[in-house]
Structures are given as structure tokens and as C-alpha cells.
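The following pair of complexes shares a single chain, subunit A, combined with subunit B in the former and subunit C in the latter.
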Partner chain A sequence: MTAIFIWARRFAAYRALTELLARSPLARLALISIIPLAWIVLANLAPLVQMFVISFYQTYPLAEGAAPEFTTRHYFAFFERPLYLSAFARSFIFATLVTALTLAVMFPVAYYIAKVAPRMRRVRLLLLVIAPFWISEIIRSFAWMLMLSNRGAVNSFFSFLGYSGPPFELLYNNISLTIGVLYLTSLYMLLPLYSALEKIDDRLLEAAADLGATGFSRFTRIILPLARDGILTGCTLVFLLVVGLYAMPVLLGGPSNTLFASTIGQIFGRAGDSWPLGSAFSMILIFVALAYVGVFMAVLQKRPGRRT
Partner chain B sequence: MKVNLNRRTLLRGAGATGLAALAAPAIIRPAFAQAGELNVWSYSGFITDDFRQRFEEETGIRLNIRMVTDQGEQFNLMAAEEGNYSADIVCCAGHRFYQFVDAGFLEPVDMDKMTAWDRIEPEYAEANWVSRNGERWGVPLVVVSTGLLYDSQKFDKPTSWDVMFDPANAGQTTYQIQDFFQIAMNYLGYDGSAASYMDAPEQAQEAVNATRDFLIEHKDKVRRYYDAATEIQQMFVNGDVSLAQAGSGPSAQLIIDGFPAGYTIPEEGGLAYAYGFNITRNATNMDNAYTFLNALLSSPENGAEIVRSTGYASVISGTGELLTPEERAVLALGAEERARLSWVDVETAPFIFDLIDTAAEEIRAA
Partner chain C sequence: MMRLLGRIALPVYFWLFVAWLFVPLFVMAAMGFRDSNFVAFPIQSWTTDWYRSVIEDREIMASLWVSLQVAVLSTVMGLGIGTPMAFMVARFDGVWRAVLIAIIVMPAFIPIVVSAIALRMFIGNFGIDTGILAIAFGHAVSSVPFVVVMLLTRLNSMSANLADAARDLGADEFIVFFRVVLPYLAPALFGALMFCMLLSFEDFTRSFFLGSFDPTFPVLLFARLRFGFDPGLAAISTLVLLVTIVLGLYAERFTRKRAAPGHQGRLAARGDDTNA
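Then we have the complex of A and B:
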């Protein structure tokens, strides 16, 4: 390795670069951050900016040689049809419920791994939870379809037990969608929770117990407050993931589970000049979701006043 | 040479890198234009593995195939490419190709280069769904009918679309909203082709609204709205649905594979349309595109392979003679059922599909 650096010093450009880096902290910062910054700007921000601009176009794609005309009518179109509002509200309600459900399901799991399981087993348990996420969301959705269909594993199991009635309709409805999405989001809740719970000093809990605090009291007055940052991060991640979810609701949801992201997908999927409308709706979804999360974080981050 | 690298030169370098990134599409585009290649967007089964192997061996042209599943997907991909199309050939439906033509995405067919055009069955070669503005815009490939697919263990051959809205069949039906919409309009007594509404847009809107409201009212009968044809087969095999508005292709494949199902055109009628291959405007590999299209049409063997891989009827002359009697029986509709089919009207399609697309969004969102 050293030989490579010695060899590279033969080149004036390399020498100039190392000299610049040696004397300028700003250059060092620029060098370190240029790739992540370029990634954020090009891969994340640029498409959003483009979508924001298109949302104000009268029509898109533009005819050859035509200059764009601008309008705000696509934003107002959102309020013109109650059906769009209902899909929008459905998305937020669903995302809120799924976030709460994921928290309720994953908190005990995270607590078990962080506090109850022997230290030697924690990594193995985490790997066990993470392993299914090496497979793509789509394939996992198909796996759920095989499990939940009328001739799937669950209904076959009931038949095996002697049940002879009509099959349980578990697929293409709220049941399949909630199961699938909960499975999808569990990791995003688990990791921040585990990280927060793992940092809680066990001696605090022991001291509280010695002083007569009940299990419930230790949970509400020590564990929950100290895990607050993990809960906040997990809920934010899960909510933002679910509110914009597209593929899984399309695969596992039914005709009455259309979420707003699917509505946007339909608009973009239309062969015609529907991009401005789809872009405007996407912007509305992004801004309202961020505002919703912002309020949620502001409320939860508000620390109670110190007692004297 | 000593390079004096300071903050300014570093920023210049970063700027140049950014410009290079912005220019990347222009640099990348010529990469598509390699002499021995052809970039095709196709539905599954339209280019069979056997044909591909023969074509590549005989011509030395490598086919780069991207699978697509619907018309909107292709349209939006092409719109995003803003004239620098990565595809030389795309796959348009006969009743949707006008959108691609009007958007300027396609190249009219140069009939002097289409040496195998006479291998197309005459009734399809001159159909109005390949012509627009006095030009031919594509090569027809397969013909599709849209009818009722039913589980023959649960239903005797239904004669009406009534079964799709029968409360007894709640949760057992599926359809593709846009494809079913015109059938539902006919079922309700409106003009699904919209030919009679051409001078009365208010009437068309009323008919579409009434049909939309009817389909929303009967949403509880629907197990799922599907998008891709293969989803119907999957839902039937898994036992999730037993009635579907379906294309002839996936229906025929399901029946040929031995699934207990039947396919019929109910008395209120069904629709017929075609799929074809279309050359993109200023296609990079234009000559290869014509070589490909001529090769595809040149032999009924290619048509028979497409029929077996898609279940759709081929427009290539002589294909029927290469099919087995069983295949012909499944693929052929009786005279009475054929008479119930109406071709999607290319002239009214732009008008009515704009209304239907919006109604479909509303049905899904409801």
C-alpha cells in the first residue's frame, strides 16, 4: 500500500492534491463530503426538484419545440374530487395505524433482544430478524400471497385440521395488507428501538426495583422515556415508508385498499399528459407527510419541565 | 507539469464533473447504436426464445429485449426519454397506438422496406388500427379478444355478464378496469365504442359517469383489480377468483394447461383489438428494425410459436395450419361468439379513453 502512495507522488496532480489537503481543512471536508453530497443532490434532490417543476407545467411531455406554460391548477385538482381526498385520508390513517401496530409488536421483540436475551445470543437474534430482508419486498409479497390465498398454506392447514367450509378470504383485503406491511416495516422499527433500549443502564432498572417500583412503573417512568429517541426514529421511518408505499398494497391489497401512492401511480401510468397532475399529487403527499411527522416529532420531543 | 491545485480549481473540477454527469445521456445514447443490435420493448411471449435464437444466428443482430406490461408504462418511459429513445421497437396495442403517434414517438412504416408485409392476413394488414393520418404506423402481430373467463367446476357456461354483478358471486370476480369499462358500458345499454357520442361529449361523459358509479356500487363483488394478464391465471390457480374479464391469451393458456376453465363472449358482447410492433421515431438501429420485422412475419412457424407462448391468435398467414386440433379448438371462438365481438374503434378511442382513464382512477380510489 505504501508503495502505491510513493509511486503516486511521481505525479504533480497527486502532489498538489495532498499539499492542498494538508493545508486546508475546507478542502479535506470537501473531499470527504463530495461523493455523499453529489449522491444526495443527484439521486434524491434532483428528481424531486424536477417533479416539483413539472407539477406546475400546464402539460407534459411537451410537444417538440414547445415552451412550457405554467399553472397551479393541478394542485387545486386534488380538492376538486372527494375520491382523491378519501384515498389520501385512507393512506394517512393506514400509515398511522400500521406505525402504532408495528411499535406495539416490535417493542417487546426489541426489549427481549436488548435486555432479556443473553449477550452472546443478541447478534444471532438480530440476524434472525434481519435475514428475511435480504430478499426483495416483491418476492416477500408473493410469499405472502402463497400463504394467504384460498388454496394457500393457511387455508390448507385449516383443511388439514378438518375444516370443510368455504376458504377464509385472507388475501386482497385489509388482513393481507396489514400483515404484509407490518412484516415489511418491522426491521425499520426494531433497529432504532434496539439501539435505544440497549443503551439503558441495567443498574437503573435494578435500583428502581430495589426501591419498590413495580414493573409497570419501571416501564413507564424509566424504559419508555429513555427509549423515546428510538421510538421517535422508528415511528418516523415506518410512517414515511408506509404513507408512500406502492408495490405491496398493489400486490396484497384489494379493491377497497387503494392508497394514495397507488392513485398517483395510476395517474403516472396513464398514457397521456398526466405527469403534471401526478407530480402535483406527489408533492402534496410529500409535504403533508413531512408536516405530519414534524408535528409528531415536535410533540414527542417536548421534554417535561424539570422538577425541583 | 506542476498542477497548482487550490480551492478554485477544486471547485472548477467539481463543476466539470457535474457537467459531465449532465451530458451523460448524450454520451450514453450512441452506445445503443451498435451495428449488430436491436433494442425491443415487448410483452412476454411475443418474441419466443426459439425465434430469437434463429434470428440472432441468421442475421448476427443481437436482440436486447425489455419486458413491458402495459401501454402507459411504455408511453411514460418514452416520454421520459424525450426523443432519445433507448428502444428501436415498441409494442403498442391497436387501440392505443394513436397516443404514441400523436405524441410523436413513432416512425411511419416505410412500406418499401417491409418486404414481408404480404405475409399478414389481408383483413389485418388493411385494418384501421395500423393506419393514422394516411400512414401505417406499425406491424400487427396478434389479435386479442376480451371475454369472460370462468371456473367450469363452479359455473355452467354463463351467457351474460350478469354473473359479474351477482351478489352470490361477491368476492369471486376480477377485471382490468379500463378493459372492462367499455364492456360494462355496453352491458348497461350505453355505447361502449362511443361512436354515437362523437358529437355529444356531454352524453359521453354522462354514460361514463353512470358506468363508473355502477362499478363503484358493485365494488364489493370484486376480489381484486388486476393489471397484468398473468395475474388472472395466478388468481384462478390459487382459487381466489372464479370469474374474470380476461383476454383470450391468458384464458387459452390456462385451458391448454388443463385448468378447469372456460372462455366465452357473453351476449352483451366483448371487445377485440390487436398488438403490434412499432418503430420509434429516428430509431437508432432502423435497418435492423426492418430486418427484424420482416424476419418475424416471414414464416408461419413464428406465428405458431407466438400463439403457443401467448395464447393469442397470430396475424401471420398460414399459422392456423401449424396448430394442433386441440390448440385450434381452444383458440377458436364459435361464429355466434365472434359476432358478439366489436373492434375497439380507433377513431373514437382517443376521445373515450381519456374519459375512461379518469373514471378508472376514481373507481380505484373509491
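Then we have the complex of A and C:
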């Protein structure tokens, strides 16, 4: 491969370019930055900015040659239908509960891998737990449908144990949705928790024990404060993931508990000029979700005992 | 008390959690062998017909082909953009670096539905239709942040001496880049490549909103599941799952072994092996 570049040196332009690059760090930076900067603008920023603008349009797409008319009515539409408000509230309550549940379920798992399991086995235990997360969300939903349906594995297990009543209604309700979503979110909680817990020096815990701290006070006074960053990252990731879930609530949830992400998806699926309305709702979701997470983080980080 | 908790309760809890993760997958695998048109337990008679029938199912095979094309295309885009982006970030320090990284990882913090739809509207400006290209673009948008972070970790460990030595020996900037820097990054690049492939292959939401009439595999599975399920779907899901897990484990192992070069890295890699 080097031969190509040696060959290219015959050309004055190539020589000039390489000399410029060798001399000037600025030129190197410019060459390497053109594409990434264009991507950041086009892929990360522009679509959201456009969505923000469209949310104020009367209609979109615009008629040929027509100037856009601006309005805020799509934002007010959000407050006019109880259907929207209830889906929105349900999304936030559900996401908050699932985040708390995921934290409660995953903390012992992360703690076991990071602190209790033999050091040599940690990586393999971690891999074991991570492996199912490479599988598609849809396949994982399907697996839980097979577990929880009326003639599914769980109900069969109960009748095998001698239970003969009507099957438990486990699928298409909040039970199945919560289990399925927990299956999806646990990794996003595990990794930040693990990396935070793993960094805690064991000698701190031993010192505390020598000085007479009970297990409970070691947990609340040492482990929790030192794991705080991991907990916050994990909760943020999980919360934002759950708020944006689209497929799993459709597959595992019941018809009566629509979440706001599904509402947005349906608005865009609707015929007619529903895009400005959907854009406005998307903006509401983004801003409220980020504000919610931001307030949550600010409150928790102000508590005393913060590591500096 | 605490020792009892550590010795017994925590391991038991951990293995229960592992069971909770894997039992549904085994149940699904078993269901694919059930000799009946309906999904139910217990499984009394077994068959491999479902596996044969899904392999002959044109629609499923077509969707897997679409998924593969999307995965390859989005991986090329993700690495092609993410690699120079990592170099760019590596040249900044302090506040600017933090700001850059914040903007770059932003897509990971936008609710997926919203970012998928925003992209859907945005590509309309350029006359790009929904379909394979659009989905690949959407997947690349979500994978670039991860590529950048993975490559940056590796770049930070690279000594400037390597490139300087090459320059002293007469290499121009292009040779330095292609013969010194890229090979050094190779393990991280491979990890990022596998990550992009898996992320693309498993994605539903972006494929759903950016796709046209040729569905990717998760989108097709979603559509079929809404109208009920049969053992055939369990069979194909199991096959896809096996491929994904094997690829994922392989990638993880590969990157872990190559991640830390030199004495310590080799020791660490050997430590893992004797332990395996």
C-alpha cells in the first residue's frame, strides 16, 4: 500500500499537499474535520432544528411555491385532548417506575459481579449477562409473549404444578409490558453501575468495617455515594430509552395503555397534514423529558457527601 | 449477617437473574420444534419442519437480505464518519472537547421515535425516499457516537512517538495515517464494526419509520406478531438469535484480547484464557 503513496509523489499537487500537512497542524485538522463537521450538522442538528420549525407550520409539506404560515396551535392541541395528556402522563409515570425498578433489580446484580464474584470470573459473568442484549427488541418481546400467553410456558408450568383454574392473564397488560421493558433496560443500568462499583476501593470498605461500621451503614455511607455517578447515568439512559419505546408497548402492552411514543408514531402514520402536530408533540416529549432528567440529576447531585 | 448475604443470597439472586434472562430464549428455541400449528405447552411431539418451512419462506429470507444490506451499508457509513470524527475530537482539549463530545453523543439521548421521525422528514429535503439507504442513514446516525467513543479510548492510549518515528523515516502524512495510525486502531475498529452491524441488525424503530415496503427482519417479525404467532416464527427467531449471540461473543472476545497491546495486555489476555 505504501507503494501507492510513493507513486503519488510524482505529482506536484500531492507533494504540496503532504508538505502542507506536515508543516501545518491546522491543515491536518481541517482535512480531518470536514466530513465529521458536515455530519454533525446534517445528521445530529439539522433534523431536529427542522422538526422544531415544522412544529410551528400550519401545514407541511408546503404547497408548491407557497410561503409557510406560522402558528402555535399544534402545541395547544396537546392540552385539548385528554387522550394525549393521559398518554403523556402514563409515559412519564411508567418510565419513572420502570427506572426505579430497573435500579432495584440491577444493583445487586452489578454489585455481585463487581465486588463479590472472584476477580478472575468477572469478565465472563459480565459477558453472560450482556449476551442476550445483542438480540433484537422484537425477538425478545416475542420470547416473552411465548412465556406469558394463556397457553404459554408460565401458565403451563402452573398447571403442571396442579393448578387447574382459569389461566392467569399475564400477556397484553402492564405485567407483561413491565417484564418485557425490564428485559430491555437492565443492561443500560448494569454497565454504568458495574463500572462505578468496580472502581470502589475494597480497602475503604475494610477500613470502615474495622472502625465498626455495620454492613448497612457501609452501604449507605460508602457504596451508595461512590456509586452515585453510575446510578445517575444508568437512570438517565433507562428513562430516556423507556420514554421513546415504540414497538414493545404495542406488542406486549394492552390496548388501553398507549404510551406517548406510540401516540406520536400514530400521528405520523395518519393521512393528511399531521406532520406539524407530530413535530410539536415530539418537541414536547424531548424538552419535558430532558428537563425532567435534568431536575432529577440536579437534586441528587446537590446532596451532601458528594465526591469532589 | 452481611457475610451470609454475600456468600449465599447475592449469588443465588445473580443466578436467578441469569435464569430470567435465558429461560424465555430457551422456551422460544423449544417452541420452534413443536409439531403443531399452535403455540402452546407442553410440547408433546417434536418436529424440525418449522425450521425447514421458514428457510423456504421467501418473505422472511428477503427481509433478512434487506437487513444484511442495511447493516453493511450503515456500518460503512458509521465507520467512515466515526473514524475521522474520533481523530477530530482527539485534537481538542478541555471545554471544547467536552462540547464536541456532547454534540456527538446527542443522538443517544433523543427518544428513538423522535429522532427516527425527524430523520424521516429531513431526508425528504434531499429527495431521498424511504428504503434501504434511508434506514442505513438512520442506523449510522445512532452508531457514530459509539464508534467515536470506542475509537477515542484506543487513540488516547497511542503514543505520539509512533507517528513521529514514521515521519522521521520519511513517511508523509498519508502513509503515517494508513500504515501507522489505522493499524494501531485496528482492534477498536473491528469492535466498532461488529457493534455497528449488531446495532443495525437488531434495530426496529428506525427501520420501521425510515423503511418502505421491503421490511427488515425485525420489522417483518413485528408485523407478523401483531396477527398472532406460530412455531415457525419461533424457529426463525431462534436462528437469528444464535447468529447474533455468536457474532457478539466473538467480537467481544476479539476486542478484549487485542484491546491492550504490549506486555500488560498480553498478560491480561493470557489471564482470561487460563481462566476460560
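One rule holds in what follows: the second predicted complex is superposed on the first by the 260 of 308 C-alpha atoms of A that agree within 3 Å, B and C clash if a C-alpha of one lies under 4 Å from a C-alpha of the other, contacts with A are read in each partner's own complex, and residues count from 1 in each chain.
As a convention for this text, contacts are C-beta pairs under 8 Å (C-beta built on N, C-alpha and C of every residue); 3 or more make two chains touch, one makes a residue touch a chain.
Note that this is a predicted model, so its numbers are computed, not measured.
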- Query: Regarding the shared-chain residue A:171, is it in contact with subunit B (first), subunit C (second), both, or neither?
  - Reply: first
- Query: Just subunit B (first), just subunit C (second), both, or neither: which does A:151 touch?
  - Reply: both
- Task: Report the partner of subunit A that touches more of its residues: subunit B or subunit C.
- Result: C
- Message: A:225 in the overlay: touching subunit B, subunit C, both, or neither? Say first, second, both or neither.
- Response: neither
- Is A:215 in contact with subunit B, with subunit C, with both, or with neither (first, second, both, neither)? second
- Item | First (subunit B), second (subunit C), both or neither touched by A:275 | both
- Message: After the superposition on A, what does A:294 contact: first (subunit B), second (subunit C), both or neither?
- Response: neither
- Could you look at A:86 and tell me whether it touches subunit B, subunit C, both or neither (first, second, both, neither)? first
- Message: Quick one: is A:61 in contact with subunit B, with subunit C, with both, or with neither? Answer first, second, both or neither.
- Response: both
- Message: Contact-wise, after the overlay, does A:246 reach subunit B, subunit C, both or neither (first, second, both, neither)?
- Response: second
- subunit B and subunit C footprints on subunit A, overlapping residues: 60-61, 145-146, 149, 151-152, 250, 268, 275
- If you look only at subunit C, which of its residues touch subunit A in the complex? 1-2, 5-6, 10-11, 13-14, 17-18, 21-25, 27-28, 31, 38-42, 80-81, 84-85, 87-88, 91, 103-104, 106-107, 109-115, 117-122, 124-125, 137, 140-141, 144, 167, 171-175, 178-179, 198, 201-205, 208-209, 217-218, 221-222, 225-226, 229, 233-234, 237, 240-241, 244-245, 247-249, 252, 256, 271-272, 275-276
- Note on the structure: The residues of subunit A that touch subunit B in their complex are 12-13, 16-17, 19-20, 24, 26-27, 30, 34, 38, 42, 60-61, 63-64, 81, 83-84, 86-87, 145-146, 149-152, 167, 169, 171-172, 250, 254-256, 258, 262-263, 266-272, 274-275
- Message: If we count contacts the way the header does, which residues on subunit B are in touch with subunit A in the complex?
- Response: 1-7, 10, 14, 17-18, 21, 70-76, 79, 82-83, 96, 99-100, 103-104, 171, 219, 222-225, 227, 234, 237-240, 354, 357, 360-362, 364-366
- Residues of subunit A defined as touching subunit C within the complex: 1-2, 5, 8-9, 18, 21-22, 25, 28-29, 32-33, 35-37, 39-40, 43-48, 50-51, 54, 60-61, 105, 108-109, 111-113, 116-117, 120-121, 123-125, 127-132, 134-147, 149, 151-153, 155-157, 160, 183, 215, 236, 240-241, 243-247, 250-251, 261, 264-265, 268, 275, 278-279, 282, 285-286, 289-290
